[in-house]
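Below is the structure I would like to discuss, written out as structure tokens.
By letter and in written order, the chains are A, B, C and D; residue numbering begins at 1 in each of them.
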Amino acid sequence: MSFKTTAAVEEMKVKVCNLHAELLRWGLVTWTSGNVSGRVPGTDLIVIKPSGVSYDDLKPELMVVTDLEGKILDGELAPSSDAESHNVVYQRMPEVGGVVHTHSPYATAWAARAEPIPCVITAMADEFGGEIPLGPFARIGSDAIGKGIVETLQGHRSPAVIMQNHGVFTIGKDPKAAVKAAVMAEDVARTVHISRQLGEPVPIPQADIDKLYDRYQNVYGQQPSPKEQ
Amino acid sequence: MSFKTTAAVEEMKVKVCNLHAELLRWGLVTWTSGNVSGRVPGTDLIVIKPSGVSYDDLKPELMVVTDLEGKILDGELAPSSDAESHNVVYQRMPEVGGVVHTHSPYATAWAARAEPIPCVITAMADEFGGEIPLGPFARIGSDAIGKGIVETLQGHRSPAVIMQNHGVFTIGKDPKAAVKAAVMAEDVARTVHISRQLGEPVPIPQADIDKLYDRYQNVYGQQPSPKEQ
Amino acid sequence: MSFKTTAAVEEMKVKVCNLHAELLRWGLVTWTSGNVSGRVPGTDLIVIKPSGVSYDDLKPELMVVTDLEGKILDGELAPSSDAESHNVVYQRMPEVGGVVHTHSPYATAWAARAEPIPCVITAMADEFGGEIPLGPFARIGSDAIGKGIVETLQGHRSPAVIMQNHGVFTIGKDPKAAVKAAVMAEDVARTVHISRQLGEPVPIPQADIDKLYDRYQNVYGQQPSPKEQ
Amino acid sequence: MSFKTTAAVEEMKVKVCNLHAELLRWGLVTWTSGNVSGRVPGTDLIVIKPSGVSYDDLKPELMVVTDLEGKILDGELAPSSDAESHNVVYQRMPEVGGVVHTHSPYATAWAARAEPIPCVITAMADEFGGEIPLGPFARIGSDAIGKGIVETLQGHRSPAVIMQNHGVFTIGKDPKAAVKAAVMAEDVARTVHISRQLGEPVPIPQADIDKLYDRYQNVYGQQPSPKEQ
């Protein structure tokens, strides 16, 4: 193969590989059931988990590099069977630098009932700017899942979508941001589920949701600086 | 004892022993409540956990080797009290190379209500090809449990059965596949339980289940190669 | 103080100390909320956790030795505030060699509703020989809790009792057996809870419970041998 | 900056930093969603977690020192975005030496329904002296949250308040006591939730709550001594 790797590609392999440990740590995945990918900044190169490999056995050099159509450019293993869905997102949402897919239990439980997750806690307003929306039922093996993700998330504040009867997809400016969205999506899916088990949670007024979202996106955390990772 | 061990037997002791760590890791077992066995390929030799030994204390040399009737051929300890049930499966299902038994909490909760687990998430369609079926109530101490497992699983796509008021048995081509089925059975038992707590999950049409199952069994993961373990 | 320790006392300090790690590992305790004690075999000496000490900081030499009336014989710290309840059990049940107390969440949830845990899974029949019974509401600071435990467990198969609005006490021939009973009590409390969330579990006929209990108590595990710990 | 640190300030940085590990260990926080602060004894100096920094990356030297108005005196990072709420508590409750904020799932689930957590287990009577009260809905970005905390907790036995649609704030004589309150608040929020899922828990009579609270606050644990940390 004529692919020539670069420092940026190798760096992305390390990041994508290591972020899978966060999926395990926060209880989002079972066996080999979730995957992370990242776009090498400024390129059309995607780095993604190989298919069916245990999280314990992941190493940066096992990551698969493809183009936006899924053609394997680097790597000896087949990419995640969800690669096509990731690629459709990268093709149609050029601002996206990372995609995560999981079947995390609480978020998937909402998806199996085809219910969006309502925004009844301030942490949801902060991170998702409102409900976590529901995408359509779609089978793997075509661009249907990817299209469903894009059509649901375009024009929506939420970086997470729950796909009916399936699981969660999240996007971010880079793979770490997409992982954070996946972690927080499961966290709020769980809290709202638990709350609703014993009655109806109190809605947060839309005006408050708007102000919380605006503040969190623009003020929270450390301001970017040369020190930031 | 006149039993002569072989490299294949010793290898299977290591595999069976180590796979118990996966039962612990994924929350399937408590104290000493689950067990793994494997058939030494091409033989009628079964390797199984000793009875009542803590997972912390398991070592390959403590594994028990029996024939298909449960006669101890190698090992100083008594085999798992579930050995008879494992053996009936190996006798009647020659294609089975691994058996796992657990009381994992969500799957056992369905079993206590005598309800099969409905197929409402795509991960279930992939792994189980439909619902996880219910086997009969049967007491330990005869071949009744083994027969119930075999009669439920023969002609069924699912490698997992929940036995009424009891727990889960899974089968696979080798012990690792049976462990994977046990891990995924608990994972989907939990997600479907959580989903149904707040309403009725949306069924997946049978035609979609069939296509998902076919694809996952034939396309997913890395294709077998000399590298595969 | 004129107390002279013995090898048996020091051995019991190590056992009691280390068994607290099992309470943590199986999710039975939070902060400092559970305790283990043991009777030094053939004596009226009780070894128990000191009060309010973090599990991380426990060391065998911090264990407290008392007589059956709770008089401190050895140790610089105050014994667990539950010591009086343990002691009443040791006084009135000479066959008991270990006592455990926890507020494990699922078992305590049944206790807060003042409901015994029904026997609907075979693992309960094995370990508890039927339901886990409910003891009375009693306040700490007298022998009322201890009396409630003894009156509930005497003549009952179960080594575990849930005390109304409070938590779990378990007994055993030694501290390890009492810890096992506490771990299994929470395990079955959880599974039966989950099962009942979506409907009514199927009861196990009494005759089957009796046979399962008899078999488990008399056949399960390795037969005692010099090797057994 | 003209701030001169002291041994007491540096010691508080170590304590505040390390206590975040307890939030993780007991499952109270996800990603970066909780924070601990402490008042340097005898001063108006507050030590608090920096904003948006992963728990893995926390080191004592990253802690931020502010005055009671939130002016940064020491530290290169921005303080937690919840610092203003902490500060209002320190200003108005001079007896408070530690404050903790989390979105722990069970407690936050009660908060999303705007329901105080009823006192139906003795551990709650011990720690909280009754129910865990509900504070008002308030948006971050002013002193509204801090005021809501103070107005709810002043004159109340409970060191924990659940803020509507938001999460938990706890106070203590020092940061460790506030962390203990946060850990126990989630523990009892979970047990009471689980109990109520299958029916109505039995209330504890007020006179018993009073006696349990009095005993626990005055008798439990080791009496203060030079050895106590």
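One rule holds for everything that comes next: a residue touches a chain if its C-beta (ideal position, glycine included) is under 8 Å from a C-beta of that chain, and two chains touch if they have at least 3 such contacts.
What you see is a predicted model, and the numbers here were worked out from it, not measured in a lab.
Q: Can you give the shortest number of steps from subunit B to subunit D, where adjacent chains in the path must touch?
A: So the least number of steps between the two chains is 2.
Q: Rounded to the nearest 5 degrees, what angle rotates subunit B onto subunit C on CA?
A: That rotation is 90 degrees, given to the nearest 5.
Q: Of all the other chains, whose mean CA position lies farthest from subunit C?
A: It is A whose centre lies farthest from that of subunit C.
Q: Subunit D and subunit A are one sequence twice: same or different residues at the contact, by the over-half rule?
A: Under half shared, hence different.
Q: If you average the CA atoms of subunit C and of subunit D, how many Å lie between those two points?
A: 32
Q: Mind pulling the subunit C residues that touch 2 or more other chains?
A: 197 - these are the residues of subunit C that touch more than one other chain.
Q: Could you list each pair of chains that touch, in label order?
A: Result for touching pairs of chains: A-B, A-D, B-C, C-D.
Q: Could you please specify the touching residues of subunit A with respect to subunit D in the complex?
A: Touching subunit D from subunit A are residues 26, 120-123, 180, 183-184, 187, 190-192, 194-195, 197-202, 204, 208, 211-212, 215, 219-223.
Q: Please output the residues of subunit B touching subunit C within their complex, sorted ascending.
A: Residue positions touching the partner: 30-31, 33, 50-53, 77-78, 81, 103, 105-106, 108-115, 137, 139-141, 164-167, 193, 196-197.
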